[in-house]
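For reference, the structures are reproduced in the following blocks.
In the two complexes below, chain A is the common chain; its partner is chain B in one and chain C in the other.
Entry: the complex of A and B
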């Protein structure tokens, strides 16, 4: 209960700071939209030259992309821990975090949220409706619930992987570029996994399960029954990733020694 | 002139001190190239060539486009914006050099470093993993060398323009991000311009962006040869000259309305 109230207080504070530079905020939201449009343009242009991508049609690929945007937006809004090492370990900011009376990870999430990313949810859903309409997909009464579960699962996969990477800093405070690399690998999950070779497909499913953010859950909504087993694993993979990462985080925090004086 | 060359050298040495960061960078770019390699493989499916570009040419295009990006890419837009925000730019005004030229030279030092320690080894590694064809003709390499110099110039000019706009917007992180996205899309980094529908190609002919990535990459893959290549380079030269005008204008206006925020 206290966590929820703290959360909303931080949200209110965040809105105030962001609204100081309104023009910039609008431009930032626009640039997010633009970024999402770029990938859409890529898909559209590519499909003006080909009919199928390993048996997937244009609208299916667009649908997968639309779905991907939703968990990704949630991840982007609340898990900005890509600069955890620099910001909290090297600069010693974690000392301050540890004196706060709430869980350290939660405190960092609060401080680093970027709520404007949530616009991606709207874009994503809009894209899904556009593609779904063209594919004549029907929506059952239980689909919205499954959708929410799949989205949370996907966001948890992303969050889990990035929290785990941030945890590396507890043991080694040298700078690494693993984080940006992981963003790039995450993009692999936007496309059907069957375009890749077996090794990459295995990695995307079981080691860095980015396929559970885009293609697998989408396969359920697209009625691709051959992928249903994977689709329904999504929430479980999400829970697993997030739980492992929180456990590792809790162990890691005890190893934190602080940098400098 | 000597002082500007010194700036290139210092930036180069500064980058050299942090070179280990770049080994992982090569990996990041390789992953990107790998993703597009598989994607393009699937897009081509059975077909031999799309818009006159074969699969191997496409792989080469993607590889060289990313590796050339390491050379022309720089963060001077961010740096300029930061220095304007912090008010440091006021000090820069009284120093005995042209601030914008100085920034360009720092960018060049960074670019040269990345060309030597990133692009060249990166290209060799990528060529070992993916099927990439290198042109045998010395002419192609010559044209390519000229073309990437101009992609650096034009990209830097656009960066300076974005950075100087901070004088008017005060906080332009959003604009900087938007600019980066636009350049990724319209410069031909993600897709060759010839893949776009006709009307879009027409439109892009009136914009400077394709000079940044599309032209050098097409020259490298032998997509442009002979007169096409010279015309493409002419296009770059014209834009490099045209972009000086708004930069100078903005700079003159901007100097008059410097507001130091805080400090």
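Entry: the complex of A and C
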């Protein structure tokens, strides 16, 4: 309860600061939208040559892309921890975090949030409606609830993986280039996994479960019953990823060596 | 009285590996590494009672920061016992930090681009301070630190002195019983330093706040602390009254003579005052000599009388040994007598 009220306090403060830099904010939103448009164009270009990709139609793939944008936007808004090593470990900012009476990971989430990313949710939903309309998908009353669960599960998968990567810094203070690589791998999750070979598919499902951010949950909404088992695993995989990462984080904090000053 | 800080055999080791030289060495490092275990804090023990103001001093790398970080719950000790405010700082971190205030001089607690009062508001929420408690306590703090006019300015527009005063206020927002200050006056001018010292004294008197202060500026310690804990290479080498340190080490006086004749030698000088207990050291010019003697009127008068009678002088100064010199001496010799 206290955490929720602190959360809103930070959000309010964040909006206030952001509104004082109006130009900055507009540019950021624009570049975000542009980035997504480029991605969409890429998909359209691929499909201008073929209509099917191992049994998936163009519209289905666009739908998956649209869905992927939603959990990804939530992840982007709250888990900006890609520079955790440099900012908090090397510069020693974690010292300050650790002298305050709130969970350290929660504080970092609050400090690093970028709410502009949430506009991605709108883009994603719009793309889904566009693709869904062309596919004649029907929406039942419980679908919005399932959608929310799937989205939260997907965002938790993403968050869990990136928190785990950030935790590496607690043990090794050298800089690694693993974060950007992981962003690339993360993008594979938004294409149907059966276009990849079995090894990659296994990795994307069980080791770095990015497939649970895009393909698997979308398969439910697309009515692809052969994937339903995976689709309904999404929230559980999300919870598992996030819990493991928080446990590892808590162990990692005790290994923190501090920056010399 | 119950101890507010109780440290027993506290130790922190850091594992570091030494890299071999050259390209060949780098390849070997890939497979086997030479790890070295370095104790940064080496089995220290001490206690602090409520209301004490303790100076925590030591050279760079003596283990001050590391031990402060263990006391504040940032680092986990390798071994040993720490109890601060009756809690184990690292085990119960979130509950524990609610009872302490921390100022790291080189690191800001405040949010860089929001107004100071907004930072205070966030911290008030973070520390769960009620409106009434905030009003009672902070009005006084803001007034004594004289930061009222700064409250609506963003932190990045403040000068270092202004920022430091705001940092101090932020650290006291939840009225902690124990305050850790790490280099709070670094880079500040004399006036701001004085203001901060007076404020700390006042907090100590009014709320019986215990203060643990590390600094390289010994005048801070002299002005504030009765007790000093001195660290060297990870161990406590002195723990006691500052006054006692002075009287054991600084009981002598130094008399500096500037002679008209630049051919003066130690031999000539010791011939003049052969029966007096005095040590001569050459100053920074060859006609300047410094005599160290006991703080005893008859010796001092006799020495001056004899030297002045035998050689022409152009200047004379009598100095007491400063704390800084005492501490430098201690570090050079590495141990404390008495």
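Everything below uses one rule, namely that the second predicted complex is superposed on the first by the 261 of 261 C-alpha atoms of A that agree within 3 Å, B and C clash if a C-alpha of one lies under 4 Å from a C-alpha of the other, contacts with A are read in each partner's own complex, and residues count from 1 in each chain.
One rule holds in what follows: contacts are C-beta pairs under 8 Å (C-beta built on N, C-alpha and C of every residue); 3 or more make two chains touch, one makes a residue touch a chain.
Since the model is a prediction, treat every value here as computed from it, not as a measurement.
A.B. asks: Taking chain A as the common reference for superposition, should the pair chain B and chain C be classed as clashing or as fitting?
C.D. replies: Overlaying the two structures gives chain B and chain C room side by side.
A.B. asks: For A:187 in the superposed arrangement: first (chain B), second (chain C), both or neither?
C.D. replies: A:187 contacts chain B only, not chain C.
A.B. asks: Now for A:98: first (chain B), second (chain C), both, or neither, which partner does it touch?
C.D. replies: second
A.B. asks: Please compute the chain B to chain A to chain C angle from C-alpha centroids in the superposed arrangement, rounded to the nearest 10 degrees.
C.D. replies: 90
A.B. asks: Name the chain, either chain B or chain C, that contacts more residues of chain A.
C.D. replies: Of chain B and chain C, more residues of chain A lie in contact with B.
A.B. asks: Quick one: is A:46 in contact with chain B, with chain C, with both, or with neither? Answer first, second, both or neither.
C.D. replies: A:46 sits against chain B, while chain C stays out of touch.
A.B. asks: Quick one: classify A:135 as touching chain B (first), chain C (second), both or neither.
C.D. replies: neither
A.B. asks: Under the stated touch criterion, which partner chain does A:178 make contact with: chain B (first), chain C (second), both, or neither?
C.D. replies: first
A.B. asks: If we overlay the two complexes on their shared chain A, which of chain B and chain C does A:26 touch? Say first, second, both or neither.
C.D. replies: Only chain B; A:26 stays clear of chain C.
A.B. asks: In the superposition described above, what is the shortest C-alpha distance between chain B and chain C in Å? Please give a whole number.
C.D. replies: Value for chain B versus chain C, nearest C-alpha atoms: 7 Å.
A.B. asks: Taking the stated contact definition, name every residue in chain A that is touched by chain B in one complex and by chain C in the other, in rising order.
C.D. replies: none
A.B. asks: Flag every residue of chain C that touches chain A in the complex, lowest number first.
C.D. replies: The contact residues of chain C facing chain A are 14, 65-66, 69, 72-76, 90, 93-95, 97-98, 100, 102, 104, 106-109, 111, 113-114, 118, 121-122, 125-128.
A.B. asks: Across the complex, what residues on chain A touch chain C?
C.D. replies: 2, 5-6, 9-10, 13, 16-17, 92-96, 98-103, 254-258, 260-261
A.B. asks: Contact residues on chain A for chain B in the complex?
C.D. replies: For chain A paired with chain B, touching residues are 21, 23-31, 34-35, 38, 41-42, 45-46, 48-50, 52-54, 175-178, 180-181, 184-185, 187-188, 191, 195-197, 200.
A.B. asks: Touching residues of chain B toward chain A in the complex: what are they?
C.D. replies: Interface residues on the chain B side: 21, 24-25, 27-28, 31-32, 35, 38-39, 41-45, 47, 50-51, 169-175, 177-178, 181-182, 184-185, 190-191, 195-197.
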